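This is the structure I want to talk about, given as structure tokens.
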Amino acid sequence: MAQLEVRDLHVVFGGLRAVDGMTFDVEKGEILCLLGPNGAGKSTTLDLICGKTQPTGGSIRFQETEISQMMEFQRARLGVGRKFQVPSVYKELSVAENLSVARSMKPGIWHALTAPAVRRSKRMREILDLVGLADKTEEPAGNLSHGETQWLEIAMLIAQDSRLILMDEPTAGMTIQETARTADIFRSLSENHTLIVVEHDMSFVRTVADRIIVMNQGTLLAEGSIEEIEENEAVKTAYLGH
Amino acid sequence: MDVVFNQVFAGLSFASILLIIALGLAIIYGTMGVINLAHGEFVMLGAYATWALQSFAGIGVVTALPLVFVAVAAVGWIIEKGIVQWLYHRPLDTILATWGIGIILQQAIRMGVGAESKFVRGPDWLSGNIEIGTLVMSNYRIFVIVFSVAVLTGTWLLMTRTEFGMKLRAVIQNRGISECYGIEAKRVYSVTFAYGAGLAGIAGALITPLFSTIPTMGTGLVVDAFLVVIAGGLGSLVGTAAAAMLIGEVTALFSIVINDTLGRIAVLAGIILLIRFRPRGLFPADTRR
Amino acid sequence: MTNKLSYDIIGLALFAAVILFGVPAFFGYDGFELNTFSRYLSLAIVSMALALSWGTAGLLNLGQAATFGMGSYAMAMHLKLKASGEGLPDFMGWNNVETLPALWVPFHSLTFTLLAGLLIPAAVGGLIAIFMFRARIAGVFVAVITLAFLVAFQLLVIEQQGFTGGQNGLTGLAQLELFGWTVDIYATSFYYLVGICLMVALTVGLYLTHSKFGLILRAIREDADRTRYFGYNVANYQTVIFCISAGLAGWAGMLYALVLEFASPTYMSVSFSLAIVIWCAVGGRESVLAAAAGAILVNLAENRLSDVFVEGWHMMLGVLFLLVVMFMPRGIYGVIVDAGRALRRKGGGDAEEPAYDASLKSKQEG
Amino acid sequence: MKRREFLGRAGAVGTMGLAGGLSAPALLSGVGRAYAAGDDIPVGLLFSLTGAVAVVEHTLHDAALMAIEEINAAGGIHGKQLRPIIEDPASDPATYADRARRLMIRDKCVSVFGSYTSSSRQAVLPVAEQRNNLYWYPTLYEGRECSRNVMYGGALANQQQDILIPWLVENYGPRFYMIGNNYVYPKEENNYCKTLLKDLSGEVVHEEYVPMGHSDFSSVLNRIRAEEPDVIFSTLVGDSDVAFARQYHAAELNPEKMPVVSLTRSEIEVKAIGGEAAAGHFSSAPYFMGHESPENEKFVEAYKARYGADAVTHFVNEAAYFQVYQFKNAMEKLDPADVSPPNIRDAAVGMSMKAPQGEILIDENLHTHLWPKVAQWQADGQAKVILQSEERVAPKPYAAYPGQECTGKGLVKT
């Protein structure tokens, strides 16, 4: 049984078939990269999995549970995490508070009512060290640089500890060094987590991807390892415009 | 049965007044997302401007309309320039700021003109009624209905047929991109706010001969007008017109079936439900904001 | 965070010292002055309740006066029944109501009344919240719906004269008897009762804002969608804070009815509801302490200035409010925080704490 | 904590009320002083100078203040000047309660004159009773109240309707349409009217109540058209009354066929309605500005001299005026050492005086014996008295409720 099974997924926006019959599996611990030209439906696919968008048809099974009709927070509680294209940290909250929000093993109200806003745990310390924000815990996230904001967001994903992490262009705007470091982190993440990554940076994809799916006009165009994809004629035609 | 026809007319009359007030509000809200709680005070200013023109210059209500429009639009323009434009990124705070403006305008009138009700004469040539069988329609109210339709049409033409309207719609769609094409969004906002205020002024001028002209006259109307705007759908003129009609008629008909108060409560409850289940209103405009 | 917590605890202690010891001593335990002040204290509770939903969770509840009014009516109903003895409350007779409505019967009991004044507003607030937040209504729509609810509710209370006393409200009330103690509203003990209620409310408010619950609410205020993807049921969080805020408002309403010795539909008017918003904004919506202080300060100013500037007072209030919204969106609290930071920067340099300037940019509704 | 002692008409001056604050000579602080033990007699004036009812209450304030100054100019009471302490309750019941406490507790006024609406009287009542003070209330009201701490100067249902209703039935017909604002006064007046109509075999074709401040009467007028009543019996107040009268006129209904008979419309509402629209309709009250008596001539003249030629007197500010004189007469009967609110009350009972409306008397139930009149409005905004009660009518606050009576010992159930 694959960890995530997507079957014949459809969504229509005002006549536009944004995702049109996607079927694929994702195995536990895998890093899957989604490629495709703009408007191919990559981000929409992530939206459908995390619940931002409701599908018009098809099924999504996560760890053998049908999740396609669930609310976002219910999916999140099952272990589906999402990082958006636009960095979305809480600018008004401090770094430590951001992580505390992200650390949501017990998202219920009763727990929230009895817990302090920030609990300084060993795990938190480790995560902050990992992303290099240990000396900025009290800083409001709004004051961080663009790169630091990206790191904070990744730290939040680690803190959230989702089994399946959906990422939309995680390296956008990063320097080469930062990208490399991100790749390292992804590799270490995939020991315990499954990742689906939408990414344009091919060198990054080459370093991290276990498997690649290429999408075009809402459908699955090709699937396979990086080498297989680079050889695929259909991909060349559609994606590279030859 | 006679009562029903007369009530339909009464509802139409109420709807026409609501429409003119709501139009200004709808344009301001649709364009800038500003909940203008001072709108009722613009209506009140229009009424007082009419009163002043009539008592000091002998100008009749109908002749005064363009002057009142310009006067209240000018006030709106100043308020936009001085206060509202600084708050566009804080929509919740515009509610509070415009409430403050409302208090100030009301108090200014109270202190400058006095709190007592002012008397404004309706135009003589519109006094009297048209009677068709048992249906009695006041000429002045017919005039208000016709005028409101004219204002609606005029606004629609302005939005769709003029360069300003084109710019306005462009800014509503996407402010950033419009500015790249050389549209001065700030200017468009000022003019729009002034236009909306001017329409409220006209509404005030039209209702003074019917109601009492007092500093608080606008406060009650603004809640209704707001609900019209939201029920109609953001930035949709057709929606605003339809919602005004609906609310006017439903209020009028409820008021004979139950009574005025319960009718009003029922309408309020209906609108709350509408917002809940159709947050984009009856006729949402096809814009992504 | 711990810093902030310790400041808040110091703030609460100072506040308690001023209210419980400073004020009575300043007025020489004069019954009239303390009675006037206990009115402000009950208003401070409703203001801090608004700070919880508005400041913490970003939900501008323009219908706060409705739940406040419910509390005041609950208390007044009990005292009216007490004053009427075996008979019907007088106004029911005037409206040709022959038997005591079922709604009124349980208010014979003081325990029920005290619970009802807290729980009925909380339940009503909760219902409205569920209604709105399940549909993900946010931003200005929350303000509009709560405002419309307030208008409708006040109309209903005035309309149903036989049950509510209509325009005149509930008057001619008995004195409250609390565990054998007859409450004299001009006594110092009554002032302490109200003062302690305020302190309890503030403690609850501070606890909430410093708990993870408060943190999640601030996260929701900033980005509700993002918070959902962390697994938090946003609607539930919003509903709970709305309930708590409404319950506290109801409690404040009960005290207010005691202080003024009547309940009136004007407690549920739009202008009163917006006055609560003004107090909260002037003090500072982010802090329950500041919001409470704002209510006391504005009311004190009104008391002292409104008979000097009879007509001008309303104008001054409007201008003050406008200035606060435009230039001090965080209220007096914001000014103090900024000043404190500037002072520290000047002195130490290392303890630099960055500005939260962007902090009040509410999210534009989509 | 400086206090404005003597405001004059600051509120009406229209410009900043600052003038009022500055014109305040800080006299002695009132705290800690026994009743009237000082050099002057502190009395409270509690009329709204701002807010929704300020238009009416300001005229009450003006009349009461004029009476106080007349008394002071004539040498005061037992050589002591009256010291009016003015508070503005801003048309808000909560503020009435607050300001009443200031006057009765902090300032130790021996009496407070104030207010127009029922809700404001109700807000003042708890403190007046608790402190055993005296509240002089000049307004017509719904009755069914029997407080020993309120001096009621206005007309009760029986004083407004007993001569009116039979006359209407006789001259216009028995079919009444009742319209009023939704609160206790209109309901009580209508209850009483219905008992009168029953004996005259009249009928009520429709009875309805609109919210306070309601201003669109299209539906009401449609119903009136459909019902064609003989009389429109109105208890609309303030702005609602103004809007109704205007719209009635604009709808070209005929006052000769269907007159609006109002218990609440006075010169002040007619001023806002416009004489033309008010002409031909009726009001019932114990006083109209056009009433001919030497006392009234003097009152109107003084009032106009003080507040301008277009100022109007009406049946509520006449009472606000004469109540101050009733207070003075009672005070004069008392030994200065005995001055206290309950003693003033006891001294006032049974006392009669010549008021602008005629010779009036304070009943032992603290209400006033008055001279009911019915008047028709003219195009010039004045009322022409066309029917006057031949005798002074005693106040019966429980007239519509047999078995209950308000006496000098409070409410008695028989």
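Just so it is clear, A, B, C and D label the chains in written order, and each chain counts residues from 1 on its own.
Just so it is clear, a contact is a pair of C-beta atoms (placed from the backbone, for glycine too) under 8 Å apart; a residue touches a chain by one contact, two chains touch by 3 or more.
This one's a predicted model, so the numbers in the text were calculated from it and none came from an experiment.
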Touching both chain A and chain B (chains): C
Most centrally placed chain - per-chain CA mean versus overall CA mean: C
Distance from the mean Cα position of chain D to that of chain C, given in whole angstrom: 36
Inter-chain centre distance, chain A versus chain D - centres from mean C-alpha coordinates, in Å: 74
Chain B-chain C separation of Cα centroids, rounded to whole Å: 33
Distance from the mean Cα position of chain C to that of chain A, given in whole angstrom: 42
Shared-contact residues (touching 2 or more other chains) in chain D: 14, 16, 50, 182, 211
Junction residues of chain A - those touching two or more other chains: none
Touching two or more other chains - residue numbers and ranges from chain B: 110-111, 261, 264
Every chain pair meeting the contact rule: A-C, B-C, B-D, C-D
Contact footprint of chain D on chain C as seen in their complex: 31-33, 35-36, 39, 90-91, 94-95, 155, 158-159, 161, 166-169, 171-173, 186, 260-262, 264, 266-267, 303-304, 306-314
Residues of chain D that touch chain C when the two form their complex: 1-4, 7, 10-11, 14, 16-18, 20-21, 49-50, 86-88, 90, 92-94, 97-98, 101-102, 105-106, 118-119, 122-123, 125-127, 142, 144, 182-184, 187-188, 191, 211-212
Touching residues (chain side chain A, partner chain C) in the complex: 50-52, 71-74, 76-77, 81-82, 84, 88, 90-94, 96-97, 100-102, 104, 107, 109, 111-118, 138-140, 142-143, 160
Chain B - residues contacting chain C, complex: 33, 35, 83, 86-87, 89-93, 95-97, 99-104, 106-108, 110-111, 219, 223, 226-227, 230, 261-262, 264-265, 268-269, 271-272, 275-277, 279, 289
Contact footprint of chain B on chain C as seen in their complex: 58, 60, 62, 131-132, 135, 137, 139-141, 143-145, 147-149, 151-152, 155-156, 158-159, 270, 274, 277-278, 281, 311-312, 314-315, 317-319, 321-322, 325-326, 329, 360-362, 364-366
